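Notes for the one structure printed next.
A, B and C are the chain letters, set down in written order, and residue numbers restart from 1 in every chain.
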Amino acid sequence: MTDDVTRDESVAQNHDDKRDNDSLFEAPPMGEQERMVEAILFASAEPVTVKELEGRMPHGSDAAEALVYLRKRYEGRGVSVVKVGDAWAIRTAPDLGYLMQKETVETRKLSRAAIETLAIIAYHQPVTRAEIEEIRGVSVSRGTIDQLIEMEWIRFGRRRMTPGRPVTFVVTSEFLDHFGLESARDLPGLKELRSAGLLESRPPPGAMPGPETEDEDESPEGQSELFED
Amino acid sequence: MTDDVTRDESVAQNHDDKRDNDSLFEAPPMGEQERMVEAILFASAEPVTVKELEGRMPHGSDAAEALVYLRKRYEGRGVSVVKVGDAWAIRTAPDLGYLMQKETVETRKLSRAAIETLAIIAYHQPVTRAEIEEIRGVSVSRGTIDQLIEMEWIRFGRRRMTPGRPVTFVVTSEFLDHFGLESARDLPGLKELRSAGLLESRPPPGAMPGPETEDEDESPEGQSELFED
Amino acid sequence: MSETEEFESDAMSVSARLAAEALIVDVEGFEGPLDLLLTLSRTQKVDLRKISVLELAEQYLGFVEKARHLRIELAADYLVMAAWLAFLKSRLLLPPDPTEDGPSGEELAAHLAFQLERLQAMRDVAAKLMARDQLGRDFFARGIPEDVTRVRRVTYTANLLDLMQGYARIRTKDEFRPFVMDRDAVMTMEQALDRMRGLIGYAGDWTDLTSYLPEGWETDPVRRRSATAANFAATLELAKRGAIELRQGEIFAPIQIRRKPNDG
């Protein structure tokens, strides 16, 4: 790289000017300093002032000069080095802003009701709304189901062949993708949850069904009274 | 998720330009495409797949080719273009890590057991809990797996098609990203281990003592008769 | 563990005791018997592939013996390993018994050597892995990832742990439920009444009450009892309303019912 060489020469010249104050340590070559500024600006969560840059770079570094080179290097690129107040940052080139829509998304944690509903659908699919309510013990709001459908994590399955022909819900391949699962069958059973420490391990009173049977159990009956109060 | 929406929008825009055939559509010049990839990768803290890149770039773009140029452009710079699984990211050059103390995130110190478990999963994946225990000779403590899942370094793989259908564990792309690996094939020493036969699953001949697992079904069988006296 | 005072130093010299202790004091530090075996094997100062399993077995048994002498309690799996190694030792030393099947001593020893080599290998690569440059420590991701904010969209997210914990939360409610009768083994009088009303129309002749037990309720004793009681109560109710007649030949004889003739 020829331009590095030229830069090094210019550093050497600068060195002569700076001889008087801090000549104890040799500052790194300007090419190196430019790399440093680049890395710091990239990784920093906030714009960085020249003073801060120099505070982090080896003694004798000239961040202002390195910035001049760096700025030049990024001219016309997809990102550019910009001044924000009296600090510096790397920003997307203004003409490419339209590519950044993905980065404007605000992520929030899914509500507990939604997570529980989703979990029941994942473990019991296909499952009707009434069954979800029976398992959760509280009614499932329309909004929760809508939200999960909108997120494309659940979708309608086959109608159940029972009176009223209720719709069922199943999880989607987007769901599997998001949770890094190959299939919903790979979800760990209760016993495995327990042994992985995700469940308080307390011996269940009496005979509890194992995880396998629970997976098959589509609608645990006879517990509705329990949840009704 | 959201990028699907973005993708749909950009597809909609492109529809007008796309007359008869994809090949008729003119993609932006490669230099432009390189800028776009640069801007997208800079803006994202997470690795971005080629598919995602192309989904956000104008129709007909060849992100893979643009990446070749971009990668070359950043060789030896303060930041570099790295491959993580099937995705790409920009990361600071490792030799400049010392400048970044301010950005260093305090990672939870992993126990020796957790580190070994992680390594076993990485090198033997997909691997069941019983196999991890066989290799380490002790049972995997509650919470170790939990911690690794929480750090998003491991996830559930396909269930093993053996009796009991035990869940398996595999490493994630976050794991690759964290350790700067392009793929699990690039794990240090993998080839040597394989050629030494140390990654084969060799069932113990007859009765060998193994760790005492909590889950009866997972414990290696046949040890009890031998030691019952 | 500084339990030195507690040991009677009768049989051992101070130095011997200290030497034994150096190894033993740290039992807590070993991650199980395989780990201990691996540590012991290092004293042989050979390639793990060339290790003498017999010698190793003796070292291990010696260790357990010393632990016993120092009155250090070893966890059960250490003792299991000791018993197995004693068994292995005998297999290696004695000529093979042709009547006995199962793996030979050599096969067992080879597998143990393999396990040790594999554990050591995993330790080595684990160390190599952790020595790599790590994200957030040696190299860094973009510090300001969300740059241009033109359209603000809210997405909701959850991870696998949330999902599993959510499910676990719901499912564990069952474990602590107060005692309730499981409905699937209980038939109520109302149910029996409904059923009987339909059936009684066809039965003009005296019929055994037990023949009215619904399908699936005849075999399981618990269900049978419940169904019988419900049926009986329903019969009484129907008789009271004048819909049927009841008769029983003698005490404990079968109860028979029929539709009241003048009714239809």
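Simple rule for what comes next: a residue touches a chain if its C-beta (ideal position, glycine included) is under 8 Å from a C-beta of that chain, and two chains touch if they have at least 3 such contacts.
Chain labels with UniProt names: A, B = Segregation and condensation protein B; C = Segregation and condensation protein A.
In this text, all values refer to a predicted model and were calculated from it rather than measured experimentally.
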Q | Leftover contact groups, counting everything except chain B | A | one piece
Q: Name the chain whose C-alpha centroid is farthest from the C-alpha centroid of chain C.
A: A
Q. What is the identifier of the chain with the smallest separation between its Cα mean and the overall Cα mean?
A. B
Q: With chain centres taken as the means of their Cα atoms, state the distance from chain A to chain B in Å.
A: 14
Q.
Based only on mean CA positions, could you tell me how far chain A sits from chain C in angstrom?
A. 34
Q: Please report how many Å separate the Cα centroid of chain B from that of chain C, as a whole number.
A: 30
**Q.** Where chain A touches two or more other chains, by residue
**A.** 39, 42-45, 92, 100-101, 103, 105, 151, 178, 180-181, 187-188, 198
Q.
Two-or-more-chain contact residues of chain C, please, as numbers and ranges.
A. 140-143, 145-148, 153, 155, 159-161
Q.
List the residues on chain C that touch chain B in their complex, please.
A. 31-35, 76-77, 80-81, 83-84, 87, 102-103, 107-108, 111-112, 114-115, 117-119, 121-126, 128-130, 132-143, 145-148, 153, 155, 159-161
Q. Inside the complex, what are the residues of chain C that reach chain A?
A. 140-175, 177-178, 180, 182-184
Q | Interface residues, chain B side, partner chain C - complex | A | 1-2, 42-46, 89-94, 97, 100, 103-105, 107, 112-113, 115-116, 118-120, 122-123, 135-138, 149-150, 152, 155-156, 177-181, 187-190, 193, 196, 198, 202, 204-209, 211-212, 223, 226-227
Q | Residues of chain B that touch chain A when the two form their complex | A | 1-4, 6, 34-40, 42-44, 56-57, 76-79, 90, 92-93, 96, 99-103, 129, 142-143, 145-146, 149, 155-159, 167, 172, 214-215
Q. What residues on chain A touch chain B, complex-wise?
A. 1, 34-40, 42-45, 56-57, 76-79, 90, 92-93, 96, 99-103, 105, 151-152, 174, 178, 180-183, 185-188, 191-192, 195-198, 201
